[in-house]
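Each structure below is given as structure tokens.
Common to both upcoming complexes is chain A, partnered first by chain B, then by chain C.
After this line comes the complex of A and B, so read on.
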């Protein structure tokens, strides 16, 4: 074995002069990570693993899925009922998408708290924001593909809201849908985006993101106007080598997340409702949970204003390291005000999401049944 | 000749740049045309129809409603006190399909709870605009959609 390996190495090295390349890689792998790096710094690699798995399950689903208003629903039924482990495969894909969004949010929070976005890592953050946007579009386009009632009407409502912007709104909507209502052309567009365009964009952005992180190293806790610590300084402060120490931590988190994913997929298999029927809207249409805050917001403010807030929020995230937070402090203890503002914003988003979740439902709390109206306000009901 | 050379090189570069931008625009334009929304499949039958075919008057009892397609888009037809009333079935709020609720005697939207009267007027938000009224005539072949109520 060893001999074959040696021969192969010699063959390639003779032609490509690999030795300097390997030496460079090795040096990069041994570069230490700062001493404050802990388990929270493994969230990014867990996302990368989930995305790898998502592409794997996606390709497998693609083998039996048939896009098209007449075929999509039936092909999903077939995947769930006939294809061996088809239901499990679909559940992995559906839960995988949810976990990616959850871990993406956690990763963003950790980068925010440790000020990882500050100079000189603004680009890493901005590429991260683009990754976040791409993942949301993944979720939005994927939601339609099963072509059941929830998929269909969720998309109707979500694409109707931007149409309230004067002039460009209706044109944009028609262009997105490929017609005046959600139908076969819409499914074709969303499908092409979901399985080809977005994966290509995502993988390119991810490669850039990961390259920048390895190239610049994880941020220290020093002020941005002080020079970053050298590898020797990091070692002296107790920083461990990236390989194998931090990589083992990454692997541990990744396996825990995979375990969570498989358990969820087995315990709570993905659901498929009735086939889409453009003539009947069912009760209880709600978008995916991560769009609920935006959806709920639309109920409190005029649509024209409401639909512009989510894109504005993405814009604010892009501008965060460039304009909004230019203080040189990195240590969380010296950034209590920034962290406070971040917590309030996150709290508001979560609150909107919870209101969205509970609105238009009936809940029994301590034996009293409440009806939560469209704005999420409770009304007691006489039993 | 030697002096004009830098200039012509510049010109050449500009030409190349222009050509490149032109090529990009060509591709983009072609893609845009390809993606341009196509006209919806036209509903030619003037009779209200669902996936099961034409709706006949006999299928629609007193105080019942049915949603179908027509050349005017999705239309809700209700038989109330013997007479047929028609309105556009697409909720003016965010585009869900409304339905007739015989118990309350109102048109309801299942998405965010908007309610309309039989003449399309808004009774309860979040919808702000009324549903346009549609003229319907009962014929032996089915329910003929005549057009907007003038």
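After this line comes the complex of A and C, so read on.
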């Protein structure tokens, strides 16, 4: 076997002169990571593994899925009832999307806390923020595809908000929907985005993101106006080689995350409601959990303002290393003000999400039943 | 179009029954009218006196209301009762004709109204068998025993079906695979309904056969199979998850061990 491998290597190397390339790659992989790199730095590879699995399960679902208002729901029923392991694949895909968003948020929080976005790694951060936006659009477009009541009405509610923006709002909405309301053309557009356009954009951005990470290396905790430590300095400070030391950590986290994903998919299979019915509005329509903060925000501020805040927030994240946080400090202990501001913003987003989740529901807390109104405010009821 | 048609046909179910005081018959036959006002025929079927007796219900002139030209037949004779009832209840009437009481012209045999009454007709139930058989048959007679067997067989079958239907109903909302049990429940319900009609033949073997069909692979057993498969799936899930975590943790341990040995 080794002999065959050797012969093949010699054949390719003779033609392509691979030896210098492999030596360069090997040297890059052996580059040490700074001593402060811990388990939190393995979230990115777990996300990459989850995205890989999304592509795999997505391709399997694509074999049987039939886009179209008349066919989509039935094809999902077929996937769940007739295709071997079809229901499990769909559950992996649905839960995989949720886990990607969760780990992406944790990953971004980690990068923020360790100031990994600062000079000279601004581009890596900006591409990461764009990846986050692409993942959210993935979730939004994928939500409609099962064409059940929740998918249909969730999309109706979500696409109504952009129409409130003066002048471009109605045009944007009509362009998104392919008409004046959610229907067959909308499904076609969302499907094309979900399975062709977004994966292409995602893979390109991911490749660029990973290249920059490997090319520039993981950020140290030194000030930005000091030179980055050399590999020897990193080794001297207790840094370990990326391969195999850190890769083994990455693999551990990836296995645990995939174990979590498979467990969720088995124990809580993805739900499919009644088929979409444009004439019957079901109760309690809410978007996916990661859009709940934006959904709730629209209830407190005028729609025309509220609808612009989420894209503005993405813009703020893009501008963070360029304009908003230009201090040279990287160490979290010397950036307490920035971390405090970040914690408050994150807390507000989580609070809005919780209010969105709990609004228009009844909850029993310590034996007393409360009705939470549309703004998430509790009203006590007689037990 | 279909919604309109459905509403049209469903309308009588929601409508109020006609006011009996406006029916001219009740002005003289008030005792019968009182009984009829409590009957299932009036309250649910919205029938009037004339549906069985013929004639014109709202004609104030008795001669006109009871004119033979208006189809008035008066009080149906012993020989005509089954025919009148069979206008709507052809199924039970057909089975009745196969049973031991089929010679209804014979004074010794019952007619439909012997058990179901004539004006105060209540919703038929299995309990009716106990109440009415005793009018003619002794408690320990073979005929009472036969009735009892039929009653028990149907009651047990119906309760079994009801239990399974309740389980399917309560779970089908969040577990789509259980919707596959619905056709079995519907088939079993249809057979049970025809078994209700078949009680009129008083044939124990026939009822046992029909209840066996209700319980069979195309009925309760089929539905229970779907529910059982779902519960089996529920039981298997934690076991599969356990196996997944054994695999994951063994690999994690291997990575840990490998990392510990690195220089």
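Assume the second predicted complex is superposed on the first by the 382 of 383 C-alpha atoms of A that agree within 3 Å, B and C clash if a C-alpha of one lies under 4 Å from a C-alpha of the other, contacts with A are read in each partner's own complex, and residues count from 1 in each chain.
What we mean here is this: a residue touches a chain if its C-beta (ideal position, glycine included) is under 8 Å from a C-beta of that chain, and two chains touch if they have at least 3 such contacts.
These numbers were taken from a predicted model, which means no experiment stands behind them.
A.B. asks: Of the two partners chain B and chain C, which one touches more residues belonging to chain A?
C.D. replies: Here the partner covering more residues of chain A is B.
A.B. asks: Tell me which partner A:178 touches in the superposition: chain B (first), chain C (second), both or neither.
C.D. replies: Only chain B; A:178 stays clear of chain C.
A.B. asks: May I ask you to decide whether A:137 touches chain B, chain C, both, or neither, giving the answer as first, second, both or neither?
C.D. replies: In the superposed model, A:137 contacts neither chain B nor chain C.
A.B. asks: Quick one: classify A:153 as touching chain B (first), chain C (second), both or neither.
C.D. replies: The first partner, chain B, only.
A.B. asks: Check the residue A:197 against both partner chains and state whether it touches chain B (first), chain C (second), both, or neither.
C.D. replies: Neither partner.
A.B. asks: If you stack the two complexes on chain A, which partner ends up touching A:80: first (chain B), second (chain C), both, or neither?
C.D. replies: After superposing on A, A:80 lies in contact with chain C but is clear of chain B.
A.B. asks: With the two structures laid over each other on chain A, which partner does A:285 touch: chain B (first), chain C (second), both, or neither?
C.D. replies: Only chain B is touched by A:285; chain C is not.
A.B. asks: Would you pull the chain B residues touching chain A in the complex into a rising list?
C.D. replies: Counting only chain B, the residues touching chain A are 35-38, 40, 50-51, 67-69, 74, 89, 94-99, 109-113, 126.
A.B. asks: Per the contact definition, I'd like the list of chain A residues that touch chain B in the complex.
C.D. replies: Residue positions touching the partner: 153, 156-157, 160-161, 174-175, 177-181, 183, 185, 189, 277-285, 299, 360, 373-374.
A.B. asks: Under the definition above, what is the set of chain C residues touching chain A in their complex?
C.D. replies: On the chain C side, the touching residues are 174, 176-177, 180, 237-238, 240-241, 244-245, 247-248, 251-252, 255-256, 258-259, 262.
A.B. asks: Could you list, by residue number, the parts of chain A that touch chain C in their complex?
C.D. replies: The touching residues are 77, 80-81, 244-245, 248-249, 251-252, 255-256, 258-259, 262-263, 266-267, 271-272.
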